[in-house]
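Given below, in the form of structure tokens, are the structures.
In the two complexes below, chain A is the common chain; its partner is chain B in one and chain C in the other.
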Partner chain A sequence: MSEIIVIALQRDGELRASSLEAVTAARSVKQAGDTLGVVIVAANPQALAGALSVEGVDEVIAVKATDEFQPDLIEAVVTALVKERKPSLIVTPHGVDAWSFAPAAAIKNGLGFATDVLALRREGGELVATRAGYAEKVLMDIDFPGKATVLLTNRTNVFEPAAGQGSAKVTEMAAPAADVATKHEGWKQPADAGGIDIPGSEFILSIGRGVADESNVEQFLELADKMGATLGCSRPIADNGWLPKARQVGQSGQLAASCRLYVAMGVSGSVQHQWGMKHVENIVAVNTDPEASIFSIARYGIVGDMFEIASELENHF
Partner chain B sequence: MMTAASDNRVLGGVRDCDALTARVLAVGDLYVALGFYTDAAPEIRSALETVILETRRQRLIVAAAPYAPSDLLDGLSMGADDGLALRLAKNPATPASALRRLLRRCSDPRTRRYLAAHPNADAMILGELSRDNVIEVLQAVAGNPGTSPEVIARLAAIDDGSIQRAVAASQAADAATLARLWDLGDDWVRADILAHPNCPANLLAIAAGASDVRLRRKLAANPMLDAEAMEHLLADPDDGVRAAAVRNPAILAEEIDAKNEASARVRRLVARRPKLAADVIARLARDPDSWVRRWIARHPDMPAQLLMELATSDVPEVRRGVARNPSCPPHLLVLLAADRSPWVQAGVALRDDAPAAAISLLLGANDRDVLGALGRNRNTPAATLEAIAGSDDADVRRAIVFNPAAPQAAIARLAGDPYPLNRAMIVGHAGLDAAAVAELLDDPEPQVRFAAARRLARQQPDLAVKY
Partner chain C sequence: MKILVPVKQIASLDDQFEMRDDGRDVDEDYLEKDLNEFDHFSVEEALLIKEAAGDGVEVVVAIIGDDDSDDALRTALAKGADRGIRVWDDSLAEADGTSVARILAKVVEREKPDMVFTGAQSSDFGSATTGMALAGLLGWPHAAVVSNLEYKPGASSAKLRRELEGGLEEIMTIRCPAVLSIQLGINQPRYASLRGIKQAKQKPVDELSLDDLGLGASDVEPAFHVRKMYAPERGKAELITGSAAEQAARLAQIIKEIRGM
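Let's turn to the complex of A and B:
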């Protein structure tokens, strides 16, 4: 019997949806007799406790402090919990918040540690975490022999958000003293994407130089609309002003963070473009050039004309 | 503008061609040496080759690089081992002479497949490979646009679906070959035959009455169909067939009348056609389907009055279509420059023919698409372009690369941009002076160094005559 703790996150007093994904990740390895507690640090943590009291959560630990981003404080909270409760597992969403406190907390407390975890399981009762390695080329199983407590950050948009009404007790925890070495200047909001959500889209149809002319772009907007996909593009298309920059996938564009099916039509697959999509599990590439780099990362490849393939697809939707 | 040939200032520590070459050799940078190679005199090339081909790893990089000079690839093909041969066979820049050399001692079927598919493979190579005993090699020969009609005719007799489909799609397939293939192939092969411009007339006639819509759809795409056949297909009950007919470039404007067309999909395709009768354009401009209006709003033959009407549409993409229409009158561009949608504004900002009043309305914008479009526009004031070059958005800053009228200050800023791609791309800007280009020879990014060396080499006529 052991305790599992989720570090929930808030932004300006609003609960981050990814917190409930971390609860699902934690629940997936909860064993008989284990308890699951969720910690929330905020100016008014009680106001967020209800949303965290979902099925499977036994306790919500409310730490009254500040709504400001304060990684040193969360690091101190983790340290205090490890010392007082000796949890077997701590889970928190992978992202800018966790990057700022999780590695330091793991080192200072001698925790087992893995980031950007995609899946969790028990093998003979022992925890095994799966994460990607070598730029998403391989999946690695990681175990933590000899570690009494393991800290994991879970990849967002992989675990379903926890749901179902729970009946967790709410416990107050005094904010521990923190050695504050950082100062948060403020959040910079991403540019208004006009309703275009590449990071949140599960199905992206992307076009590249092969589209050849601005007058042809509309055809693929229409096709994406019919197929229920979000239209993305490679850099030259956005550089030409043929599609909004919010649709650009790549290093200086958007990350296809939630994508499960990426259809790349007329995209050569530059390093910059691959940065934004090579992690996607199902990539379908259409290109007239059989040597296009995109084929090296595609699960399915069609050497052919993107317009011909698009016409065929139109017959099916 | 100052060019390297007439520039007597120090170019990153280099004063002349001799010193430039000496520096390239001393530094031993593969990418700088590659950039200089094509425009160098034979003696300099020999010296550069010692840098470029120094290690096996570098030889493998060069063999696979599509930007590598063909002469260098030709030299690499001499005595190439299997690994090098495979990379050369895959490289689209490898010349025919090198491909022939590789073929003479090629035992690896994978390499032969790439040779068979290579765009520079000549008749001799394709003829020899068409007798290969590996099916994948034969498929590649059949799919190569350079394969002769005689070879295509021979391949058509092989009982392989992939080869037969490739033959059916080959522009080199003549009517006799297609007629023989019709009896041998399956329905997919027959469908491809029907779309072929050399398809025999009797097969076209048979297909017109086929019950299989795949056949009729492909038939409707055949560019050699006569007016009667086209009229018949335009009335087909299947909207996929009608769509293919409308897409067919052979169809004449007067043959298209979408008045009674129930399918929005077909009307959208009609609206895309470059030539349409005035009454068809007018009807489509008021079509209930917004995609039809989006398409027709871009039609170059759209009269100003209808453009004005579409410019008041509730659908931003329709208004964007008007903003991108080459026939959009200046006063309408001014109106659209003040549109509530930034995407419509960006459509105006992209136009070099936008009146000054339209551009000035956009100067206070902070939307990244509008700023990116202004950054490309040669009529944007210099102060705005300099501000765009200093944007905190790498994609917005890059717009300066595409603006031939960008001021020196903006260009210089891009040469020091923190995003490597922006530095690599600004190297191609005519306004970047030679001294700045020379400094980029020391850039940490290989693509920037290569681009800088390539440009300097082109601007250094001395490089070709020295030694």
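Let's turn to the complex of A and C:
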């Protein structure tokens, strides 16, 4: 019998949807007699408690503090919970906020720790997590011998968000003292998309590093236009300023939410890029490298030169 | 004034690879080593601060790795870092980000830098752990995935943006000294010049053991243990073969079918 804790996160007072994915991850290894608590730090945590009271959650721990993201504060909350409740497992979504606080919280408390976990299971009672390695080319099963508490961050968009009405009791927890070293000064919204709508596009032609040079980009804009597709790109293309950020598909860019056909040319398929498109039903990958990880999620693959394929393709539209 | 930039030598896999006999890692022969992509940006950010200040800023790069990793360290030195520190001990073969953070905490004690910049993550395992774990040990202010930085050497605070999901950025101020993990795209990393590469060979590199830092093998135990490593079952794409013209014709057909054209 032990306690499992999920650290739910909010941004500007709004619950991060991935918090419910963390609940699913935690629930998957809950054993008979275990309790599952979800902690939320916010200016008005009670307002978020209802959404967190999903099936399988026994307790929502409401910490009334601030909506500002303060890693020092979350770390103090983790430290207090480890001390008071000695949980066997803590799970939080592998978003940018967790990148700031999870490693610090883990090492300060001597926890077992792994990030970006894709799957969780019990083997003879032991917790076993799976994560990827070598740029997603291998998987590894890992465990945490001798660790009383393990902190894991779960990859987002992998676990189904937990649903089903629960009946969690809500407990108030006083915000622990924390030496807060950061101060929120505002938001910078992504640049105006200028009519580019990746989330709303059903058909996306996407280009990656394989395009090699800025002067090669224009022909793909033209091809996309001719085919009735929206041109998307991977991160390096946007970082180089060859295409606006609004065209970037992936974790730090856009989610191809309505897409039914995604043609990826010269895109290797990093995990960050896949985050934004791997759910698409019809993915076609064109790449010179037959081992590129994009082929592992594609329905159709062409091992070949994106420029040759593109110029031939143009004749058909 | 000093900026410490811990870097990592990452390994990428050859197209074909085999597992080690114990099944817990890839056979060393199939690994190709290089400086972590993210670290090009953290080194550049430190060099930009050094150059803007004109004088009085020292950029020290540190790596935890065996002889082999000297190449990655020299790459950073060739870009313009002043000197290097390399720490290794055979007991570190299974080190993870928390082990590396524990070593770096000792390096920070020794070097007393004013700022520490790491890459936001490594391009091989992507744990995004080392920098923020280091901050946790030091009790220093910290921010991850920094996409913009305004910092004057020696200042008591910095203004930064951290890149969040969906292209949103948060503007924040942070007390210094601080540990910042640096995101891709924050700057345009330079290539080392031929002159820089030559000079890098002459730059001083302190080679330290765990013992030199007052650490034992039990102080740097990783936070997880690998049971086994394996190639994932991959979905198989239906390959379209033939000449480029034939491949494109088939692709056009697929597009038209799915689009109902």
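For this structure, a couple of remarks:
Here is the rule we use: the second predicted complex is superposed on the first by the 183 of 317 C-alpha atoms of A that agree within 3 Å, B and C clash if a C-alpha of one lies under 4 Å from a C-alpha of the other, contacts with A are read in each partner's own complex, and residues count from 1 in each chain.
Note that a contact is a pair of C-beta atoms (placed from the backbone, for glycine too) under 8 Å apart; a residue touches a chain by one contact, two chains touch by 3 or more.
Bear in mind that the values here come from a model prediction, so they are computed numbers and not experimental data.
Contacts of A:K245 after superposition on the shared chain: both chain B and chain C are touched. In the superposition on chain A, A:E291 contacts both chain B and chain C. In the superposition on chain A, A:L120 contacts neither chain B nor chain C.
Touch criterion met: A:G194 reaches chain B, while chain C stays clear of it.
With both structures placed on the common chain, the touch criterion links A:L81 to neither chain B nor chain C. In the overlay built on the shared chain, the residue A:Q219 is in contact with chain B alone; chain C does not reach it.
After overlaying the two complexes on the shared chain, residue contacts for A:L89 are found with neither chain B nor chain C.
When the two complexes are overlaid on their common chain A, residue A:G253 makes contact with chain B and with chain C alike. In the superposition on chain A, the chain among chain B and chain C reaching more residues of chain A is C. Of the two partner chains placed by the overlay, neither chain B nor chain C lies in contact with A:I61. Chain A residues in contact with chain B (one complex) as well as with chain C (other complex) are 191, 235, 238-239, 245, 248, 251-253, 289-291, 315. Chain contact summary for the complex, chain B toward chain A: residues 90-92, 117, 217, 240, 243-244, 247, 265, 268, 272, 291, 294-295, 298, 317, 321, 324, 342-343, 346-347, 349-350, 367-369, 372-373, 376, 393-396, 398-399, 402, 419, 421.
For chain A in complex with chain C, the residues that touch the partner chain are 11, 69, 71-72, 75, 95-97, 99-108, 111-116, 128-129, 132-135, 137-145, 147, 179, 181-191, 203, 227-228, 235-236, 238-239, 245-246, 248, 251-255, 260-261, 263, 271, 282, 284-286, 289-291, 295-305, 308-309, 312-313, 315-317.
Across the complex, chain A meets chain B through its residues 191-192, 194, 214-215, 218-219, 221-222, 225, 235, 238-239, 241, 244-245, 248, 251-253, 272, 289-291, 311, 314-315. On chain C, the positions that touch chain A within their shared complex are 11-13, 15, 17, 26, 97-98, 101-102, 120-121, 123-133, 135-137, 139-145, 159, 161-175, 178, 181, 184-185, 223-232, 234-235, 237-240, 244-245, 247-249, 251-252, 254-256, 258-259.
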